[in-house]
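Pasting in a structure now, in structure tokens, and then I'll have a few things to ask.
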Amino acid sequence: MSLLDILAHQLLNGLVLGSFYALVALGYTMIFGVIKLLNFAHGDLYMVGGFIGFIVLSAISSVVGGGWFGIFIAMLLSMLAVGFLGVVIERIAYHPMLSAPRLSILITALAVSLVLQNTALALTNGQYTAFRSDLGFGGITLGGLFITYNQMVLVAAAAVLMIALEFFVTHTQYGRAMRAVAVDADMCELLGINVAAVIGVTFFIGSALAAAAGTMAGAYYGSLWYFMGFLIGLKAFTAAVIGGIGSIPGAMLGGLVLGLLEALGTQIPGIGSEWKDVFSFAVLILVLVFKPTGLLGRSEQERM
Amino acid sequence: MATDDRPGAGTTPALARLAGPLAALADNAAARRAGIVALLALMVVAPFVFGEYATVILTNALLYVVLALGLNVVVGYAGLLDLGYAAFFAVGAYTVGILTLRVGVNFWLTLPVAVCTAALAGVIIGGPTLRLRSDYLAIVTLGFGEIVRISARNMSITGMASGLSGIHQPWLFGWHIATPRDFYYLFCVLAILAVAVSVRLADSRLGRAWLYVRYDEDAAEAMGIDRVRVKLAAYVTGAIFGALGGVFFAVNLGAISPESFSFTQSVLILMAVILGGMGKIPGVILGAMIVILGPELLRSLGELRLLVFAVGLLLIMLFRPSGIWPGRGRQQ
Amino acid sequence: MSGALLQLTGVGLAFAGNRVLDEVDFAVPERGIVSLIGPNGAGKTSLFNCITGFYRPHVGAITFGGHDLRRLKPHRITAAGIARTFQNLRLFREMSVPENVMSGMHCRTHAGAFGAIFRPPRQRAEEAEIRATAAECLRFVDIAGDWNRVATTLPYGHQRRVEIARALATRPRLLLLDEPAAGLHGGEKQELIALINRIRDERGIAVLLIEHDTGLVMKVSERISVLDHGVMIAEGTAKEIQANPRVIEAYLGQEDAGADLEL
Amino acid sequence: MGILNKAAAAGAVFVLVAGSAMAQGTLKIGVQVPTTGSEATYGRDMANAVVIAQDEINKAGGVLGKKLTMVIGDSACDPQQAVNAASKLVSQGVAGVVGGYCSGATLPTLKIYGDAKVPFVITASNSTKLIPANPGNAFMINSTGDQQATKATEFLASKGVKTLAIVNEGDAYSQDLANLTRDDWTKAGHKVVAFETANKGEQDYSAIVTAIRAANPDAVFWTAYYADGALLIRQLRQSGYRGVIAVGDGSNSTKLFDIAGRAAEGVYAFSNPIAQFLPAAKAFIKTYKAKFGNAPGPYAPLTYDGMRLLAWAITKAGTTQPAAVIKALASAHNEEWLAGPITFTKHNTLARSNFIVLEDKNNAWIRADK
């Protein structure tokens, strides 16, 4: 492969990986927007979404097949289920904590994450679960670049979800209410906006997006693991920070940027693949220190 | 643990909760003293009564007492969520490993180096991030924890993924600390020192400043408290506790590897702090005991061990945020 | 007003393009008692926050005893000699009354972790001083019996006084009181007036207060400044202010506040 | 310090009581395996093999007239937990220990058994790092990582491979094997064109795959475990890579096929002797299946051998005296066991290499080196 081909391939890798990061990062950033919470459990919802998608697909594949159509149905049902799970988590665990000190709600979020992870661990005995589907390995060659159909479907699906979200947020009443709550929840309460409902919808959408990513990733990569949400949760948070936490376009951009940084970062001589995660976390820390508002985030007003 | 007889002090509520290991008995100094003496006596005879296996487990529990008390300064006193505490534990352990094995330094001389290295790491990580909103610290420390673990895995000086083994057991004034019982007593001393330091820190200008910043950053700042500096002091103090724990962990086990310093390790230490009751020294000790002795007593739990802890953590946060140890909640 | 203790010149502040303070000139003399009044949303608390470093004004100069305050962080400003109370009580919850007041001594003392652990004589002396000062400040504001209670469980009026004691423990030269009379009943207001006068007379501390209770303001203040929509519209003695047509206009714009001025 | 003396006396009585209880009827053998955690499947498989050996030995009259009872110590594949488990086994007075799966967890227990002078037959752990840490009481009956590296080099070279990419997972076992193979491969005069580390639990290996494709090696060698290996194999084949793919003994599980599916067709695996390819193991497989309902896993034969070897050594020594048992173990000389003859080197490691090569044909392993 020529250097140009390698770069093109790594760009493609970054795009695919970045799509997953972006979908998960969106939920992070939306939830942070409305209740200012770093939802540590978000990455685990991605994992739960993958498992539910797998269970659904196993149940329906005899009827609809295990191809992209079956996966699409499984993904929708998984989104629905995990969306509700997100709402339930918010109601049970976070809602009573909204007025408590920030430390308490952060620890609660961590506890929720651990409960989800360890439930999956107990159910799977810590083993990997093979996600069987009928996806082929076909693709097209563009010059020196080989793109599989799976990659195309995946990136397109992620793009459609993100466009739909953007439309929802800018063109619907709930979407506008969501943005308003993100700016000033107290004021919204005074204006008669049902803030609790807006928070619920936000959790539903954010969790559903994570589930969509989880199902697609499970099918695309072919395996599921109880701990698979941890790393992507961290990476998605990094993506959200790079894009500017609280900003929806920022999360999309951040996901893609991080995907590309990782793919290209491992090409830098001297930084082998073993340093890839150190590279990502170093980027996270540097962004937080030097540009905490990220690429697209608005600067927060001075304190008080 | 002298009783407070200075003017204007009395047994003030927050201090009382922080200070005495038996704060519940704060009103009765004699009962408290008797309790402490009984506890110390039990510590001395435990290895003879319970046998070697129990000694090893108790040694591990005492290590967790030290680590949890250190993290308690960060989380319980200053209210900062640190999810990468194992990183400092690793700094201490690797400092000993590298200096004794690769450089040939005497074990006791590595102690100050470990302390300085941990403090420096604390300043480098804490300095910039403690200026930001406190939530960010959680995620930055998580990232830092992973960076330390992965770096240890990839560098030849840290023995890569296999880690370092053959770390020599130290001598102390002619006493070769070698058997599990020797280490048990060493860790007893360490834990007692950690408790004493925690008590003194809590009842001091700095200890109060941590609480001020934790309860109301703005008001604290308006009272002339430099919040970044005070938080940094907590973070670095915690780092030093962690590193000292790591130093003795390394000589006790004789071998260290990156997987001992994983995220799960950080979470277990955090659980010890929260389950027992953050900010309350006896609570933290209880938490460390639960986290270590619990799984040993309930071996049959097996796979469910962490799930049980996780559910416990969630229930504690929802229904009793002040932790298991009695004492009024700090949350509301 | 050169030689003033606190001097603001042309201070301007804007949030997201909205002007909150516009070209504000303002001064507090040494040992003066000055009030800042104005309708709700006039920018009074914002001005406080500019002085204490919580907000950073976009233009203008703020000097205190001749030193520039603009680039200082809040805790440095406190150390420089400006203490404040908060509009909504901000006592440290779950901490006792003396513990709350001891926070004020933080910027006047030095012991760190080393002192806390090894307790050398110097640290012990300092600790004794902290406690003595806290006790003395509490006596000064006439809180005597409630020392072992958690501060936030005290009656409201007492909590206000604990906040003042806490501010006094920073040993300020200027004390900013943000609506100290809010929520107090008649008798307590009289005590507050006496306390403000004692703070100035016995301790030589200048006092700047924001207050809605114009009656109290008229009684206690030597000078009064009126802020409306971020602009300083009047400055003078109580009599001058009561007679100022712009002030009356500003207050009439606010339906319910007009009555206050009559008092 | 009167109290202390009394307590010491009480403790001594306690130990005596415990000791006399131990001397009756049975002989305790410790089994150190992970029964919880991500490697629990292997641990349970090993424990099952010990059960079979124990039952057979007891049926034949036991050892020194005593019945064997196994005591499981769960290492959880974690160094600290393994140390706890080992101390517990020691304090329970075991006459010897078999097992040891994760090398990282086995390593710190060597000292504990060494201090207590308990003979330890290591049946799976095979990192070369164990060798210098062995105080002399431990015996490794699985071939070590360097022997696997040698086997890999020989086999791949025989397939005409010139350029090799090595991928590990950053853990002690796979990093060790990767480094050893790199050294052997280069020494044999070939080239390692890519040396990569994957992250455990990360699903996307596309960056590594692209790097490998760019280096275009004749073969790719995955030195770590099956779960992530399957993902790598899938993504390599998906990207259009058509060269040889080989995996180390951590990936010789049939679960590799579950995840990798037909992408694993033709993949070579280096493996310790597994039951289905051992002529002597027919009866063992039958018993195992009858008792536990499934086929024995990859380390069952070795662990079965380990238990029987220990019993053999105790019988030969005629006593449970550690020094005598250790001497008897060291004297093993080409006796035939399920997985072949055992003779130890002066480092107490297996003198011969027991590695075999497997190949995936229609998602089942067949022998590739015979």
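Note that the chains are named A, B, C and D in the order they appear, and that numbering of residues resets to 1 at the start of each chain.
Here, a residue touches a chain if its C-beta (ideal position, glycine included) is under 8 Å from a C-beta of that chain, and two chains touch if they have at least 3 such contacts.
The shown structure was predicted, so the numbers you read here are calculated from the model rather than taken from an experiment.
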{"item": "Both-way neighbours, i.e. chains that touch chain C and touch chain A", "value": "B"}
{"item": "Centre-most chain [mean C-alpha coordinates]", "value": "B"}
{"item": "Chain at maximum distance from chain A, centres defined as averaged CA atoms", "value": "C"}
{"item": "Chain pair with more C-beta contacts, B-C versus B-D", "value": "B-C"}
{"item": "Distance between the centres, which are taken as Cα means, of chain D and chain B, whole angstrom", "value": "35"}
{"item": "Distance between the centres, which are taken as Cα means, of chain D and chain A, whole angstrom", "value": "38"}
{"item": "Centre-of-Cα separation between chain B and chain A, whole angstrom", "value": "34"}
{"item": "Junction residues of chain D, two or more chains touched", "value": "37, 40, 170, 197"}
{"item": "Touching two or more other chains - residues of chain C", "value": "54"}
{"item": "For chain A, residues contacting two or more additional chains", "value": "125-126, 230, 274, 277, 303-304"}
{"item": "Interfacial residue positions of chain C with respect to chain B in the complex", "value": "52, 54, 73-75, 78-79, 83-84, 86, 90-96, 98-99, 102-109, 111-113, 115-117, 119, 123, 126-128, 130-132, 134-135, 147-148, 150, 166-167, 170"}
{"item": "Residues of chain D defined as touching chain A within the complex", "value": "37-38, 40-41, 170, 195-199, 201-204, 206-211, 213-214, 216, 227, 230-231, 234-235, 237-240, 255, 258-261, 263"}
{"item": "Contact footprint of chain A on chain B as seen in their complex", "value": "75, 79-81, 83, 125, 128-129, 132, 134-136, 138-140, 142-144, 146-147, 150-151, 153-154, 214, 218, 263, 267, 270, 274, 303-304, 306-307, 309-311, 313-314, 317-318, 321, 331-332"}
{"item": "Contact footprint of chain C on chain B as seen in their complex", "value": "6-15, 197, 200-201, 203-209, 211-212, 215-216, 218-227, 233, 237, 328, 330"}
{"item": "Chain D contact footprint on chain A (complex, rising order)", "value": "1, 5-6, 9-10, 12-13, 16-17, 20, 125-128, 130-132, 137, 146, 148, 150, 217, 221-223, 225, 227-228, 230-231, 262-263, 266-267, 272-274, 276-277"}
